[in-house]
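Presented sequentially are two complexes of subunit A, the first with subunit B as partner and the second with subunit C.
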Partner chain A sequence: MNALDIAYMWDLVPVIAGYIPLTLFMALVSMVLALILSAMLAIVRVLKLPVIDRGVAIFISFFRGTPLLVQLFLFYYGLPQLFSFMTNINGVTAAIIGLTLHFSAYMAESIRGAILGVDRSQWEAAASIGMTQGQLLRRIILPQAARTAAPTLMNYFIDMIKGTSLAFTLGVTEMMGAAQKEAAGSFLYLEAFLVVALFYWGIVEILSVGQRRMEQYLGKAVAR
Partner chain B sequence: MSCNIEISGLTKRFGQNTVLNNIDLCLKPGERVAIIGPSGTGKSTLLRCLNFLDAPDEGRITLGDLKVDAARASKADILALRRRTGFVFQNYALFANKSARQNIMEGLTTVRGWPAAKATDRANQILTRIGLADRGDSFPSALSGGQQQRVGIGRAMALDADLMLFDEPTSALDPEWVGEVLDLIRAIADGRQTMLIVTHEMQFAREIADRVVFMEGGRIVEQGPPDQIFGNARDERTRAFLRRVG
Partner chain C sequence: MRKTILTAILALSTAVPAAAETIRVGMSGGYFPFTFTKADELQGFEVDFLNAIGEETGDDIEFVTMSFSGLIGALESGRIDTVANQITITPEREAKFAFSQPYVYDGVQVVVKAGNETEITGPESLKGRSVAVNLGSNFEEVLRHLPYADEIDIRTYESNIAQDTALGRVDAFVMDRVSSAQVIKESPLPLALAGAPFDGIENALPFRNDEEGKAMRDRVNEAISTLKENGKLTEISEKWLDIDVTKPLAD
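Then we have the complex of A and B:
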């Protein structure tokens, strides 16, 4: 058995590092879109808007009930069969759509819980001074719910970064895809995948530190 | 008696249970009316119906030129009604993400569209009036119960409402804070502000109200000047209630 080829691993570092921007790009875009979508889904559920509420419940159930990989394949390989405009969809776009829909289903449930966690009397107080439902959500309820949901949403963002590695199955060369290609040429699978694993770990660790700082800050701000 | 606020035939049911049964009430400008009665008798529901926090099933609410038919109240009717009535909650219900000053300003900036500077001036006047001029930047979590309720009253005052509704404003307070809140209500009950106060503080009701309404079982049993209700009630149910609490 050969020892780990450390020199080869060093050579891989800049190669893999070159794909960090793409990985972060996919994760960030998906996160921003998922935040917007999940907030809308959560509001529909909280207000129990007739008809759409039912649709949203099914949407959430489906995207939480099926694997992300299956969803990605469905979008990238499956749907173009039905919709011809989707044949030209590229892997990055398909991955962003898949990650957005998948994670917004989870995030919607967290946000919904956080909204319901805001004392009911504050809804009434806001209504009593004549605020519309939109105003009271935007000004009073959502800012408080956001603080409650922030730590959980941050966890989903970390999951999302790791989830971008699945884009490689759609032919996207991101960090994981690059490692796979390198390994296929050198046959040094352990080295290549170890390097990419350390990269993911490093990124997630950096974010976790940020998350702890944020929680401390928010903890102070919402102390009751 | 000329009413500028008139409630007629107001009825509210929760399922099979009729909580408010055909309530008629008329308030003259500046009049202070206290509502007393046993728990679970519809006093708070009456106030909540006047602000549509609970939607009444039947009846009419007239506020000056605003006439709302409960059975077919539109969203616009409800907003208009809320913008002309101030509501003070038993548990204060301050906005936890806003400072005392912002709590008071919110109805002026967001609802009325006042510019921030004008609303800040008005909020500062109110903070002085409620004795919290130095606590404007404090968040509710940093205020005592009594201070929070004073901000709650300030928030309702900012609306310059035609009618202020007080829903047991001292019931959730520790005894040590009750006095300061009652003092504040006395101070704003200057004869110009029309008020409807649900309270368990009989002494306070007697002293502040122009008229006392006794409710039981979702109906108004009797009403009259405080001296008459407390000293010489006509209805046996009123006398029985006052013996129990007095």
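Then we have the complex of A and C:
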């Protein structure tokens, strides 16, 4: 086998780098939406709100129980057969909606776990001074749960960044799609995929540094 | 970079149905030399071909690249209007889509070491000779269905059939014509096409089988006829493959 074509890899760097903004854009928007949605789902489950609780349980079960790629295909290529207006949803939007729904199912369970991890006495103490359920959740429980949930939520964000590589199946050329098309013309598959792998790795490493900082910050209140 | 984000945001905020004079063409971007990118620029046989069609019909051509597995779904759900990715016409596909006239005629091709093509001139000359085929391709089946199959020494290879033919370890290899032409063009190996391709297949553009799709198909068909007559299609084929694969196989 031939040695790695380093010059070619170097040429690919600006090409792939040009797609970083789109990848980060999809991941960031999905993450913000998934955080909001999953917090709501988790609260519904913790408070066992009648009727909706059943619906949320089914939602989580479905989106955790099927592969992301299957969900994207269902949503993007399948459902438009029933609802023709869905054809107007473009690939980027569909990818963001797919990532949001998929990951919010997982994240809801982590947040639920974190909420349940907050000592029972905190609920009772907050209730004893007359806080409403909304107040005690917002002021007492969620801030403590956020600290416990932070590392796993960060994990899901990392997974989400990598999940954006599936958007090429929906016609969105992102980092992975760009690498595949370049490799097709040069036949230098190893080089192209290595460059794109290093990019993902680099992005995730930078985020991990941010994660450590954030954990230090959130941990201040409980540091000994 | 800023443009990518802007486009993404724009694409998010506005969901515009395609204007009537835009043909949205799906392709994988992953099939050299038909569709691929170099330095982020989409190019290849299919790209030139569709642009030439656009010039004839006056339509804007908008290329949408996506992984191959998404292409047919995108066509069915109306996200693209056709697929330019060497789609072979089959009875099953014809029942579902409105195909244009064929623009690439592919077939099974015998390839030999350069110089031997005068001696081996097609499948009949393979009697009593050794022939390499790729494992997993259907060319072994094709050879076994020839009436004189018992007289052919068929060798199944994992890879490197071209190299072993050039080295003289086997007398010939068998592959589809378009890939064969491409191997001969791209690799430094001394190889030559032996005779005409046989067992032909035809590749064309599929459109949705509705009023709108058929109207577009008819418009495109006319353009393809023109490109065939004025030699433009042949020119595109020779540019990317060195040979003309746009004429029907003679049988």
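Convention: the second predicted complex is superposed on the first by the 221 of 224 C-alpha atoms of A that agree within 3 Å, B and C clash if a C-alpha of one lies under 4 Å from a C-alpha of the other, contacts with A are read in each partner's own complex, and residues count from 1 in each chain.
Throughout what follows, a residue touches a chain if its C-beta (ideal position, glycine included) is under 8 Å from a C-beta of that chain, and two chains touch if they have at least 3 such contacts.
Being a predicted model, the structure only gives us computed values, none of them experimental.
Colleague: Now for A:18: first (subunit B), second (subunit C), both, or neither, which partner does it touch?
Modeller: second
Colleague: After lining up the shared chain so the two structures overlap, which partner does A:182 touch, if you call subunit B first and subunit C second: first, second, both or neither?
Modeller: After superposing on A, A:182 lies in contact with subunit C but is clear of subunit B.
Colleague: According to the stated criteria, A:129 is in contact with first (subunit B), second (subunit C), both, or neither; which is it?
Modeller: first
Colleague: Could you tell me if A:59 is touching subunit B, subunit C, both of them or neither one (first, second, both, neither)?
Modeller: A:59: touches no partner chain.
Colleague: Per the contact definition in the header, classify A:143: touching subunit B only (first), subunit C only (second), both, or neither.
Modeller: So A:143 only meets subunit B here.
Colleague: Mind telling me which of the two, subunit B or subunit C, contacts the most residues of subunit A?
Modeller: On the superposition, C touches more of the residues of subunit A.
Colleague: Considering only the touch criterion stated at the top, classify A:119 as touching first (subunit B), second (subunit C), both, or neither.
Modeller: first
Colleague: Have a look at where A:106 lands relative to subunit B and subunit C in the superposition and call it first, second, both or neither.
Modeller: neither
Colleague: Following superposition on chain A, which residues of subunit A contact subunit B and also contact subunit C?
Modeller: none
Colleague: In the complex formed with subunit B, which residues of subunit A make contact?
Modeller: Against subunit B, the touching part of subunit A is residues 118-119, 121-122, 124-132, 135, 139-140, 143-144, 147, 222-224.
Colleague: Which bits of subunit A are touching subunit C when the two form their complex?
Modeller: 11, 15, 17-22, 25-26, 73, 76-78, 80-81, 84, 87-93, 96, 168-173, 177-178, 180-187
Colleague: List the residues on subunit B that touch subunit A in their complex, please.
Modeller: Interface residues on the subunit B side: 51-53, 79, 82-83, 85-87, 89, 91, 93-98, 106-107, 110-111, 141, 152, 155-156, 159.
Colleague: Spell out the residues on subunit C that touch subunit A in their complex, using ranges where they run on.
Modeller: Listed in rising order, the residues are 1-2, 4-5, 8-9, 11-12, 15-17, 26, 28-33, 35-40, 42-44, 64-67, 69-70, 73-74, 76-80.
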